[in-house]
Amino acid sequence: MSSGQPILRPERKTRATKHYVGRFSGVMALLGVVLLAIVTSPSATDGSSIFLQAGNLTDILRQIALIGIISLAMTFVILTGGIDLSVGSVLALSTSIVAMGLTRNWQTTGDATHILLAIGAAVLAATIAGIVNGLVVAGLRIQPFVVTLASMIGVRGLAKWLTDNANIDIGFGQDTAAHFAAIFREKMVVIGSYCLLAAAFWVVLSRTVFGRYVRAVGDNETAARYAGLPIRRTKLWVYSLSGLMAGFAGVLYAAENHQGNPNAGVAYELDAIAAVVIGGTRLSGGKGSVFGTVVGTLIMGVLTNMLRLNNVDSNVEMMIKAVIIILAVTIQSQRESD
Amino acid sequence: MKRFALALCAASTLLCVSCSRSSKPVATREGKRYFVAFSQANNAEPYRAAQNALMQKLFSQSPDVKLVISDAQQDNSKQIAQVETFIRQKPDLLIVAPNERAALTVVMGQAMEARIAVICLERDVLLPNYSTYIHSDNLAIGRMVGQFIVDHLTKKYGKPRGTVVAMRGLLGVEAEIKRDNGAKEVLAKYPDIKLVAAPVADWIQAKAKDRMTELLRVQPKIDVVYGHNDPMAVGAYLAAKELGREKEMIFVGVDGLGGPAGGVKKVMDGVLAATFIYPLCVEQAVQVANQILHQPGFRPAKEYTVQSTMVTSENAAKVYENSQSGGEQ
Amino acid sequence: MDGTRYDLVCGQGRIEAYLALGGSTIPAVVIDACREDQFLMSLVENVARRPPSNRDLVREVRSLRERSYKPEEIARKLGLDRAYLQGIIHLVEHGEEMLIEAVEGGRLPISVAIQIAKGTNHEMQLALSEAYEKGDLRGTKLLTAKRMQNLASRRFHTAEFCNIGNAFGLIFGTCCGTLIVAHPMRWMGAHRGHATMTDLLRVENVSKRYGGMHALRNAHFTLQAGEVHALMGENGAGKSTLAKIIVGAVRADRCDFLIAGRPVLIHSSLDAQRLGIAIIYQELDLFPDLTVGENMVVGNLRFQDSPLVSFARIERFCQPYLEQVGLTRNTREPVVNLSIAEMQLLAIARVLSVNARIILMDEPTSSLFEEGVERLFRLIAALKARGVAIVYVSHKMDEIFRICDRVTVLRDGETMGTRDVAATSSDEVIRMMVGRELETAAAAHAARTSTGDVLLSVENLTTRKLTNISFELRRGEVLGIAGLVGSGRSELGAALFGIDKISSGTVCLSGRRVAASSTSDAMRAGIGLVPEDRKLQGLMMQMSVLENSTLSALSRMQRFGFVRRRQEETAAGTIHRSLLLKSPSSDAPVSALSGGNQQKVLLSRWLLLNPDVLFLDDPARGIDVGAKQDIYRIIDELAAAEKGVILVSSELPELLRCSDRILVLNNGCLAAIYERADATPERIMTAATSETNSRTAL
């Protein structure tokens, strides 16, 4: 029916259902992917599904944790209508610094202090990178894309310069560095930190004044200004958090890979943005949730695992991911046009 | 409605793709079939692409072996994840060409713990978490290059003197360090041979061309350019040719891949004076693999070293032909 | 014609539709389809007068054509009228097989078949309207679309041959003497007036709603060739909307256009261009980064005959028009390099280059200096002499009386009347613009005595847009601000609220000097501002009603950075109740609310913050009457609570209803301050529109 006459529809009801469907479309998609993964999963020798093995499921969680952690803060950045392209480079900086710190002989009293200091230095450096991003974005009012593109290049350079372009390997002996790696590459530590951080970010976004400001600024910055909100401070915080999270992810990266690598994290920003977008956060800001981002990250993780279990060509994997991203955004935009 | 249709489309596409490409090890009536998983670091490198191709070709001669190759796209985390997934699938043999030494150490250990035979190909890891390590020797190649340079300069000037430029790969990478050290070790014995510059071109032809262009402006006379891989040597050649100085010097590379884009062809074309084959190690690997699979009780040696070959205009055509017919040169 | 029986079929599948009527011997008229949602007024000529069908004729023509006879030869051979023959050939050669079959089967007269095959929309519309005016259609029954559909589906298996989705376009007649028209009201409307042939453009029954607001309600006016016709009205009276509808930039809900007596449809600016209608917008719609020449030819139908574009060709095309308007710029110069006045000239040159017969100008002099205005007027005179009709939208009384021939006044989206400029006075025009509110204005005001202390005093306030504004606001007082759009009324709020930079002058609140450099400074000092544009400046449309309400006051509702939900809900709930806010729930997105309720949400944000001085920038704009009353009540309550309220409004009655004093701004300057007793709409309009100090600010 496409006549020019307005067609009367039970509007409220439609909207309510759509709202409901919209809210859970991410979860539905995740369930769909999980079901698909179960169905297509090859079976182990004892006939059970490989996908459902506890080991495999925790593998997935550990594999998505790094991107997951980065995408938590990225959600905040995108909610304010910004973007942070520098996270991959910041991760590389952090992983380099933590490895450098650990492999230096610091004459500290013990392992614990040494490890804490190294992590502290790495995370601090990453946070400073984030703060600089935030200061430039909020203070000089340059587009976040441009600012973080610049810092993506600059921070990568800094990491390479600090390490002289070489990887800093963390050995497997009995030294501090090896202890650090042994602790932080532990599956449960990685998954646990991701879960804790996800919970924290969820609480901050949904329960705090800051979270409210983040969404308000992204929704309508002009209106936020008229409402007297601390726009600059909010943005500064958001980018700092993004740096902090990338830094923490860098620490985990160093442990997982047993090395500080100035070339690490290339294109991580894109994976993180993809997870955020799949999770239903609008790239123009104002609308989105931490829960959605976690779901988006899980969708990507389960999908990747499913394809790999079936030995799908990694090039096909990329094509399928492309389809998923477009699909997710299509669903979103349909939801919005209601 | 539209959304539903879209979702349906996507789901079915996924299913089709994943099912059509799925390859599970199945035991058939004829006997045991073997599942060999190969985790490749980065398909995009020609050397590694050649490895894949050769491995596929050689394993296709054993009909009971099913080979699956995954591509980590030069990403440590991705390769770790891929190996983890392979471990879940319990292959009969796991071959890993590690992207980086430290990164893959732990996960290869996990594979060993899961009682999977692991062949570590070309690049080792920090701990001996493998059944066997099959590699070539970059240090020896470096020395061979050094000696070749000395011989060339002696022939040119009557005694070992002259200027050498080294075009270095990505710093910190083992191959780069060893190829560099090997050559330096030899050249250091001849004080009249000067290493005038060693720019870093990250293995990339385009970067090497840029670095060389800069260098040619500064260096009035260059006798030898030693590219740590063939593309960099070719890049340097292109830069010199652009400035009309390519006749003044010779270009030496390492890798010696076959095929029309490989270094061997470049030697045939007179672009490179020589290239030193960095062996794919695949023939050896497949041989060992077949032994592991088919000979119960076979214990591979902990390490196999595959020797390099020098390719000059004399033997280039023969090597090229050989590589075309699919052998390991 | 009387007693003729009609079948009217139109819409997609019209041919099939006719054939489905079977071997009906009723002379049938099958009307071409209109595009979807394009309403239809169409009919074909008098079928009965056509010669009877000859089923062999088609066969004959076809065989002759197959033997390569020329049309002239066939015409001679068969003794046929040339035009008629052409129609048959068209039928044969355009493969309208179904039609030919119908003709050959004796079910369809050839004349009708030709009409079906060839008939264009416009011709048929014309034929229909002629038939109507001649009285040929008298006694026809007009049914609504709904009934028509029922009828159609009962009589025929409609769905099989008609696309009912095309209901707008579907005219389906079956009964004797019954013409069924999808939209009888439109149909009637087009013929209500008595068109005189000199009317170049008749615009009738224009209605447009934005949300719940009528921007235009049955507005109408006529334009004659060679006249300059002023459209006047207060802000929001619908002048600009009407102009945009005429050029196809805005879709009306309903409208009828007749150009030289013919009904036309304008759905896009290209449609308008084809009909020779062009507009010069107030905010010139030029592409700043393109060159002068490119701006001239972009979207110009006259320039689209060749896919090749060269600077030389552009230059050849543009030069005469640029000379005509006196713009001495190279066509290859980017438009950013031009001054505003030059851009205006370029925009005029552009409309000349599309050969416009009708040119609309929306506030053309607002960005021009004296000299530019003179040149524009000379140009207008020259255009007029060439028979071009100009619609001149302006506030400026002196310009109207200088260059216009007639003036049509709009008020609240309705046409108040058209006057010859020579026979009217500016007083009369103002009265027409301000209108009925004259009586109602003063009466509604609740008595209020504002004897409080001085709360806010502003002295010599000067910003980029304002010059030397001084006034005082007392406790419990409502100070109204009148002025046209662009007079600086919103900018006054922006200056007080720390958005615009104050270049000189002082603002004191309760005797203490306020130097707000940001909105949060102003808020801390006790100034609040409800912005003019609630969508752009006010609300976060994705967020909920509750979140929008408490956004500014959140810092008072938190503990360790965590929002205290219960406190938040209680506080907001109280305010919402006092505002009579209607919302499905406080968690509903604010975008789901009506305009009036959205405005209340915005207002609640500031009431929660409870500032001493609240600047309300047109708070009742575009909302329904009930919500307006609620907002007036809140203003009264604020005053009663000894707060100071500054109320900006485009609607004089609103100002007169709510304010104790009214301050009139004109072009960034203080034009007058009236006590409520002295304020009359005429006085305010005169002060707001007078030219005395308008140019000084530029």
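Letters A, B and C mark the chains as written, and numbering starts fresh at 1 in each.
Here is the rule we use: contacts are C-beta pairs under 8 Å (C-beta built on N, C-alpha and C of every residue); 3 or more make two chains touch, one makes a residue touch a chain.
None of these values were measured; they are calculated from a predicted model.
Note on connectivity: the fewest steps through touching chains from subunit B to subunit C is 2. Closest to the middle of the protein, by Cα centroid, lies chain A.
For this pair, subunit B with subunit C, the centres built from the Cα atoms lie 69 Å apart. Once the centre of each chain is set as its mean CA position, subunit A and subunit B turn out to be 33 Å apart. Between subunit A and subunit C, the centres computed from C-alpha atoms are 46 Å apart.
The touching residues of subunit A, counted against subunit C in their complex, run 1-5, 12, 15, 207-210, 212-213, 215-216, 219-220, 222-230, 282, 286-287.
By the touch criterion given at the top, residues 36-37, 39, 145, 164-168, 497, 499, 518-520, 522-523, 529, 531, 536-543, 547, 551-552, 554-555, 558, 561-563, 584, 592, 605 of subunit C touch subunit A in their complex. Within the complex, the subunit A residues that touch subunit B are 25, 29, 32, 36, 39-40, 42-45, 50, 53, 55-56, 59, 63, 66, 163-167, 169-172, 185, 253, 256-259, 261, 264, 266, 304-316, 320, 323-324, 327, 330-331, 334.
By the touch rule above, subunit B contacts subunit A in their complex via residues 2-3, 6-7, 10-11, 13-15, 17-19, 21-24, 43, 68, 70-71, 73, 75-77, 80-82, 84-85, 88-90, 100-103, 105-106, 126-127, 170-172, 200.
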